[in-house]
Amino acid sequence: MNLLSTNSVSVSLGHAQVLAGVDLEIASGEVVGLIGPNGAGKTTLLRAMAGLLPLDGGVIQLNCEPLHKIARKVLARTLAYLPQGGGSHWAVTVETLVTLGRLPHRSPWAAPSDADRAAVARALDACDVAQFGDRPITHLSGGERTRVLLARALAGEPKVLLADEPVAGLDPGHQLDVMATLRELAASGAGVVVVMHDLTLAARFCDRLALLFEKRIAAEGRPTTVLSADMLARCYGVRAYHGTANGNDIVVPLERTGAGGDHART
Amino acid sequence: MRSRVDVGRRGRPRSNRLRGAVIAAVMIAMTIRTMPAWAKPERIVSMNLCTDQLVMLLADRERIASVSYLAADPHASALAGDVAGVRINHGLAEEILPMKPDLVLAGAFTTRPTVFLLRRLGYLVVELPVAANLDDIRSNIRAVARAIGEPRRGEALIAAFDGKLPPQHPNSGPRPRAVLYWANGYTSGKDTLANAAVEAAGFRTLGSELGITGTSQLPLETLLAADPDVLIVGRERDGPALANETFRHPALRRAFATRPKVSVPDYLWVCGTPFVADAIARLSAVREAGRHEGRVGVADK
Amino acid sequence: MTADPTIAERRREGTPVLLPLLAVAVLAAFTASLLVGPAAIGVRETIDALLAGEVETTALIVREVRLPRALLGLLIGATLGLSGAALQGFLRNPLAEPGLVGVSASASFGAVLTFHTGLAGLFALALPLGGMAGACIGVVVVQALAGRDGSPLTLILAGIAVTSFAAALTSLALNLAPNPFAALEIMFWLMGSLADRSFEHVWLSAPFMVAGWLLLATLGRPLDALTLGEDAAQTLGFDLRAVRHRLVFGTALCVGAATSVAGAIGFVGLVVPHLLRPLVGHRPSALLPASALGGAVLILVADVAVRLLSPSRELKLGVLTALVGAPFFLFLVLRLRKELL
């Protein structure tokens, strides 16, 4: 059964249309990679799915219910959104920050319950940041901060996680860790949508990929099909090396083809 | 400049003479001995410069519990020299309550919270409006006199005040045009005591002619263009002040090099007291001098 | 699992120590406020005056002059501290202060207008009522200007617009003052003071201030969530538009009432949250109660200082807070610059 679905969703920011008739479905237990060139509308689609943007047309459903009909609190308990390059405006401790992820679950005026604290501890652990618990977030490196913010999203134990470039700025080891964490979350029954640019990583950790190009989904399906040489040339304007290692696809962009990339940016 | 200060000093004996007349009138009134039966307040507190002076003119010193600190300021108060021995207040409830006043006199615009607090606590507070003309002076004297139970002294003071005023002569001779010019380039027009005093001395005022009500800024250009016959300035305060720069403007100095420039000390007319008559008398003298010399006036320098 | 379970406990201990400490400080400052004044009244006499029934001069001074003054200091200080913390939290800017949403300036103008028209001379409550009317109009205009979204930027812009306009109108009223005495009185009032306020002022302003506090007190969690940014806060279940409404109306109620009875008192709402923020681990929600207590301490102490420094001719409270606040503000700017470099 589909957890989250968008049906011919159109979105405009100001006067410019950013998404035109996007259909995408996310089932529970799967990780869907959202890829595409800069400016294709990936972040907009993610924000629309988080209920942050009004739709020009179409409908987004969570558990077969239109998003705008779901109560804020219920939506917040079900869905977590990890903004791109998010940070903390105040120098709170890592644990305080991650505990914010429990806000939708807490009753008014109550201190965090044992369940809350356990969830926070699990999230800290899963993102390998438990050792920073009482450090101010401002004292961490960029990569550490990114993991702390993911831990915040995980602490809410969401059924749907929408993560906007969660591996940007991470070293290779922590990139693998974060993707593995997302897989674990999916394995527990959640649906995960993750925006990313590393095609090899996308091919390896995502069940399906959706390639967004010029306001629409240009291709959608298994990573091997979506990441075809033709598609990469058309949408990214690159020629890539395709290979396999240990049964995993490897896609490494090699050079510009000169066609699609420029087109995509106009 | 020195001479202008001297003009202010010369005013003192006159005001003393006036007070002498007042006291004489009061003595006469006292001898008649028809005091009304109402209880006269015995611990009067005044919180305002203007009520300070009126109460000092009208009440016996032992009935005055306190006057405001401004009453002792020689620049602002005509009776600064007589304050010694009277307790000074700064318009604060905490100072006034221990004096247990049976009458508090206040101005209509000053120390608002204190006035309301005292009223709330059941004290009798009489507020005096700001005097804007000579009639207001009379009604203010009457109001204070009535409040302190000295109506006869009040009438005597009013009579003395009226006696000092120059006779009304609407058609007697020319009415030269005067301009009031305060620090920072302000002038006064209708509904101000200074304007009323200048007019009572037989002048027209530029403020009234320009339709100014109250006190507002007068551009130097307007002043010079109007070509007034007499310049009346407030007394320059001691010490450097940007406010006084306007008086030193070369254009102003050149324009009034040969025309009379009169300065009237603040304490004579900042409040609606009988001392305004002294200010009027002084201005009237300037006008008369001008008439006799066939000019509009003489420089008092 | 390597998470140290005591971390959470240690952090939670932070505020429970701070809040009682601040509460004690409030109590001490409140007591000092009752003991200081131009009339020399001893500690024993003050206590007797508070408890005894008879209406003597001493009792009158303590109960009707000093007590309302101290109460207003407490209420207004808490208002400025709380609203400053809430605004800084919402705008995520340590330089925000209650005056920013335009309420102080419009309340000042409303009050000045009652001076100007002479209404202030007719009855004691004309002035604070005028201030509140001004605050109401100001907040409606700010809300209308700020539009329907919950964006902090539009709120700041609308607040600045209303503040400048109200300040200009206040200057105009000063220019057109009926006489120099009225102008002087307006100037004095604008400087902010608690001198000789009565219980009438307390009864009039306290309900509005408390109502404002209640609205602002509900903002703890949304402000915490806003630490993560607007998008994340919204997906944590907070309606930012509703949050902004509560913030603006809560601030308008309490700051409007405070300005109406005491004039504009600056810098408290800026300085207090900033000083206390590190002590509550930078958490916006924890900062709210701490900053309210801290604001009360600061205003009460400043009001005592005003009476000690110039016992007879009182220095204005707003002048003192600005005298202390401005150098602090400078220090703040310098430190911020150092952090950025």
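Going by the order they are written in, the chains are A, B and C; count residues from 1 in each one.
In the analysis below, a residue touches a chain if its C-beta (ideal position, glycine included) is under 8 Å from a C-beta of that chain, and two chains touch if they have at least 3 such contacts.
Worth saying up front: this structure is predicted, and the values here are computed from it rather than measured.
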| item | value |
| --- | --- |
| Inter-chain pair with the most contacting C-beta pairs | A-C |
| Most distant chain from chain A, judged by the mean position of its C-alpha atoms | B |
| Chain closest to the middle [Cα centroid of all protein chains] | C |
| Whole-Å separation of chain centres (CA-atom averages), chain A against chain C | 43 |
| Mean-CA-position distance for chain B and chain A (Å) | 81 |
| Chain centre separation in whole Å, for chain C relative to chain B (CA means) | 41 |
| Sites on chain A at which at least two other chains make contact | none |
| Contact footprint of chain C on chain B as seen in their complex | 69, 90, 92-95, 97-98, 100, 107-114, 116-117, 119-121, 127, 130, 132, 192, 214-216 |
| Interfacial residue positions of chain C with respect to chain A in the complex | 1-5, 7-8, 10-12, 92, 221, 224-229, 231-232, 234-239, 277-278, 281-284 |
| Contacting residues of chain C [partner chain B, same complex] | 37-39, 57, 60-61, 64-66, 120-121, 123-124, 127, 175-182, 184-185, 195-201, 312-314 |
| Residue ranges of chain A in contact with chain C within the complex | 47, 50-52, 72-73, 75-77, 79-83, 86-93, 95-97, 100-101, 103-104, 111-112, 117, 120-122, 124-125, 130-131, 133-134, 136, 149, 152, 156 |
